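The following blocks contain the structures, represented as structure tokens.
What follows is a pair of complexes built around chain A, which joins chain B in one and chain C in the other.
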Partner chain A sequence: MSDTRATAGVGGAHWAWWTVAGFAALVAWSAHGTRVDVGALLGAEGLGQMTAYVAGLFPPDVSPPTLRDAALGAFETFAISFVGSVLAVGLGFSLALVASRTVLYRGILYAGERLAPAGRAGRIGIYALARGSLNALRTIPEILWALIFVFIVGLGPFAGVLALGVHTAGVLGKLFAEVIEDIDPRPIEALQATGASRLAIIVYGILPQAAPQFLSYALYRWEVNIRAAAVMGFVGAGGLGQRIHVAISLFHEHQLLTLLLAIYVIVTVVDALSAYLRARLL
Partner chain B sequence: MASAPTAPPAARFPASPSRAPFGRFLAAAFTVVLAISLREAGVDPRLLVQSDAVGNAARFVRGMFPPALGVDFLGLLVRPVIETIQISLMGTTIAVVIGFPLGLLATASLMWRGALHERTPVARRALLGGVPYGLARALLSVFRAIPEYVWAFMFVRAVGLGPFPAVLALGVAYGGMLGKVYSEILEGVDSRPIEALRAAGASRAAIVLYGLVPSALPHLVSYTLYRWECAIRAAAILGFVGAGGIGQQLALSMRMFQFDEVLTELAVLFALVAAVDFVSGRIRGRLV
Partner chain C sequence: MYALSDVRKVFGNDAPALDGVSLTVGRGEHVAFIGPSGAGKTTLFRLLNLTLRPTAGVLLIDGVDVAALDGAGLRRARRRIGTIYQQHNLVGRLRVVHNVLAGNLGRWSLSTAVASLMRPRAADAARALEQVGIPEKLWARTDELSGGQQQRVAIARVLLQDPDVILADEPVSSVDPSLALTIVTLLRDLSHQSRKTLLVNLHSVELALGYFPRIVGVREGRIAFDLAPDEVTPELLGALYAGHSDATRQLDRIHDGIGSYGTACRPLPGFSK
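Entry: the complex of A and B
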């Protein structure tokens, strides 16, 4: 017994050393490839430049027009993240239902009866299609979706809403489907024993069990989305990002600091709201 | 934010009657906020079905097929792909370099609370523990509240175009996230080995090295790997502001309306992300 453990320990140590060595080599390779120049960055000149840049941001511009602009931008960013997340929950949930094998063709819901081969093949097809769409939605980054929707519906926050909505639908749909496939089968057996229909089982057996996790994931993605919504404007999809883009491009440092503070405030507010709701509801 | 949460199974369903008023309040608040947000965000579904929109969407989809698979074009993608991997690795490394020290400073049980500080005078505890603790927390929260994309644009302005600003942006933004989660992990470490070390008269550095870090290490490494997975996605899009990687290529193809190239680049991105997830998942599986 102790022998095995000793050997295992030695093997583990070797493995760890090889990993560390390999990792160090990878980092060196990456540093070379990305032309990281730590010397220049942390040298007197680099540090001086950095300090000067940060110092140049102060004081923040608190003139009424800038403040109003920052508040409007923050408000718009909040709206984009909120509507985008709600849209994502709706879309993601609909797709998750047909991306769950246990809802469509397999498992306890179908224990009692055999689906006709053609029907079963059709359902497997629907499942594959739903999973495929979820993958596609998720693979395309939010910012690229924003560019696509700016191309389709024009400039403005609506493009940002759609971008967040579809990308996050891909993420949430996958998570929701995993939750649905993973739930405790016993309440479902109980419902089945009472002769409940399949729809009734989904509504009363599956969804109530899954709801808290759905909510938890949705809140988590909202926190991600408020950050994403703050940069949508870089490609013309509204919110604080648009104003930040202008401020950085035109070297309006004091305005930039005001807008960065606005991001900080809105992100912190959403994080706190989400944490409060999580504690209160779950 | 950060780690994907998992809720416990529904322990309290259906909701008890005492919670009903809160539910009603929440539903009302949700409706009002949604209504205001819908207006504020300019949501107008008609825009989606007007002829321009449908035409543009059709142009986009038609333009994607067949995907661009010319040898020249594929050759053009090799460098950005390698660069994206390098950005993610280097960015995560810098994030650890920033996040780990700040994370230690932001750990209450290390700085001013608990077994380690039972006999420290209050003034000393506040000055040498509380002040750096507060500063580290504030710094971390600023680092992670500003999205990496905004950091990248600022660094592009500061150090010029290329992969370097992307590395810095990931380092700072992810440093903020890692630091916070590191401090939470360290906070949750079993305090008994630490008390034992302290009873043996170990210095504080020795306690950190031999008591704190070893028991937290698997979790620290595992979370760092998870962040690396996120970093590869982020590295792939930072190019939109000119910070190198596959994103720069993607933004270029998009702006030139070369949608067939966009499709190929997306496929490459998908493969890249899947590969990193696989590698990271394997290592994490061995760790925890």
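Entry: the complex of A and C
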């Protein structure tokens, strides 16, 4: 008995050692592959360049035209993140409903019900399709979506809205579907026992239970999206990012600092708004 | 109302939860089901309220074989059966008014259901809450109520549903004895007034024998006995609960005349009191 435990212990120690070694090897290999050069970053030359660049940013450009442009950009970025997030919630929610097994073909809603094999197969197909679409939307990063939509609808904030909308729909749709599959089935069983239809049960029993988590996830993604909205301008999808890209390319350092400060302000505002809504609604 | 013959229910590869259950319940009858936990009482109720289907055997409701029901027909049949659960099974985040009105869901169209969430017809819910004794809780958040109040909300929901049968699965296991008595009396009186059939699963033998004219004992998925309360002997109860120490203690207390419900329950045959 004690023998077997001792061997198991040694085996466990070996396993832990191999994990650490494997992890270290992976870090070393990746660092080599990405040409990590700590000297270039923290050596005298690197540090000098860094300080020079940061010092060159000061003072921020506070001339009225720049301020107006920064304010406009900040507003545009805010609007992109907001409309994009609203679009994502709508699209993600619609897909989440059909990406939930418990809504489509199994669990308490289908207890006592007899789905014909063909109908069941069809529903599993719809589920797989919805899950697949959510994965596709999610795995393509916002910035790639932005490039695609700039190509389709042209330069400007609308491309940014669409990019954020579809990518975040993929993220939220998966999360929403998990929330739906995870709710307490007991109230659902009770509603079903009154003879309620499945749609009525979804409206009356599933959504009220899921709503707080839907809201919480949506607010969190909005906070993520305000940062993403600032970056997407780099590929021409409007907002502060587009102006920052121009400022960097043309070496307008003082304007750049003003725009960076504008990002700081707008991100802080959205975080505060989100925290306020969270406290009020949840 | 119900006619079961040789009903069997098996979950997966487990031993059958119910086996060889035959039972007839007439319209307007009041029946209490007792037996140790795990005996299959809850499974039986989930068959009776059409949440589950029998694996084998025949379950007739008013002469209609439920095996033939599906889709809309199944929902219509469910509408006539109201269920009250041990855990209330209410939507905690909705207000009481919505949980009560949910009794209408079997009749309502989807648009009516959605409209009710926006503008509930509060008067209907208020009337039902009046009957169960908590009219002041109409607009309260359901998960802020006590266990006993939630059970009353669940009863009000069944009143709105206005079914032919009320199934109550351990309705008083999570409330204190005095409240248990009130709720059992409430269920009995409400179903008596409206001539509804009432089937109750009870953890408390004392309540069952004291308040129901027909007692069905269930053990290991089978019906052990089906008798009037004064025919239920201590020996039958001892055999029903054999091997279940909690329940045996309960029987001992009744035997010694120190049951939880005092003089409210009439003395039981064969027991000192």
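Basically, the second predicted complex is superposed on the first by the 260 of 282 C-alpha atoms of A that agree within 3 Å, B and C clash if a C-alpha of one lies under 4 Å from a C-alpha of the other, contacts with A are read in each partner's own complex, and residues count from 1 in each chain.
FYI, contacts are C-beta pairs under 8 Å (C-beta built on N, C-alpha and C of every residue); 3 or more make two chains touch, one makes a residue touch a chain.
Quick caveat: nothing in here was measured; it's all calculated off a predicted structure.
Novice: Between chain B and chain C, whom does A:208 touch in the aligned arrangement: first, second, both, or neither?
Specialist: A:208 sits against chain B and chain C alike.
Novice: Of chain B and chain C, which one touches more of chain A's residues?
Specialist: Result: the larger residue contact count on chain A belongs to B.
Novice: Mind working out whether A:254 is in touch with chain B, chain C, both or neither, as first, second, both or neither?
Specialist: Touch status of A:254: no partner.
Novice: Once the shared chain is lined up, is A:193 touching chain B (first), chain C (second), both, or neither of them?
Specialist: Touch status of A:193: second partner only.
Novice: Based on the superposed arrangement, let me know which partner A:106 touches: chain B (first), chain C (second), both, or neither?
Specialist: After superposing on A, A:106 lies clear of both chain B and chain C.
Novice: Would you sort A:114 into first (chain B), second (chain C), both or neither based on which partner it touches?
Specialist: second
Novice: Name the contact category of A:217: first (chain B only), second (chain C only), both, or neither.
Specialist: The first partner, chain B, only.
Novice: Where on chain A do the contacts with chain B and the contacts with chain C coincide?
Specialist: Correct list for chain A: 208-209, 211-212.
Novice: Please output the residues of chain C touching chain A within their complex, sorted ascending.
Specialist: 49-53, 70-71, 74-83, 85, 87, 89-94, 98, 102-103, 105-108, 110, 113-114, 117, 154, 157, 161
Novice: Report the residues of chain B in contact with chain A in the complex, numbered from low to high.
Specialist: Residues 1, 4-10, 13-14, 22, 26, 33-34, 36-38, 40-44, 47-48, 53, 56-57, 60, 82-83, 85-87, 89-90, 93, 141-142, 145-147, 149-150, 153-154, 157-159, 162-164, 166-168, 233, 236-237, 240-241, 244, 250-251, 254, 266, 269-270, 273, 283, 286 of chain B touch chain A in their complex.
Novice: In the complex of these two chains, what residues of chain A are touching chain C?
Specialist: Chain A residues touching chain C: 108, 111-114, 186-187, 189-197, 199-201, 203-205, 208-209, 211-212.
Novice: Which bits of chain A are touching chain B when the two form their complex?
Specialist: Against chain B, chain A makes touches at 15, 19, 26-27, 29-31, 33-37, 41, 49-50, 53, 75-76, 78-80, 82-83, 86, 135, 139-141, 143-144, 147-148, 151-154, 156-158, 160-162, 175, 183-184, 208-209, 211-213, 215-217, 220, 223-224, 227-228, 230-231, 234-235, 238, 241, 244-245, 248, 260, 263-264, 267-268, 271, 277-278, 280-282.
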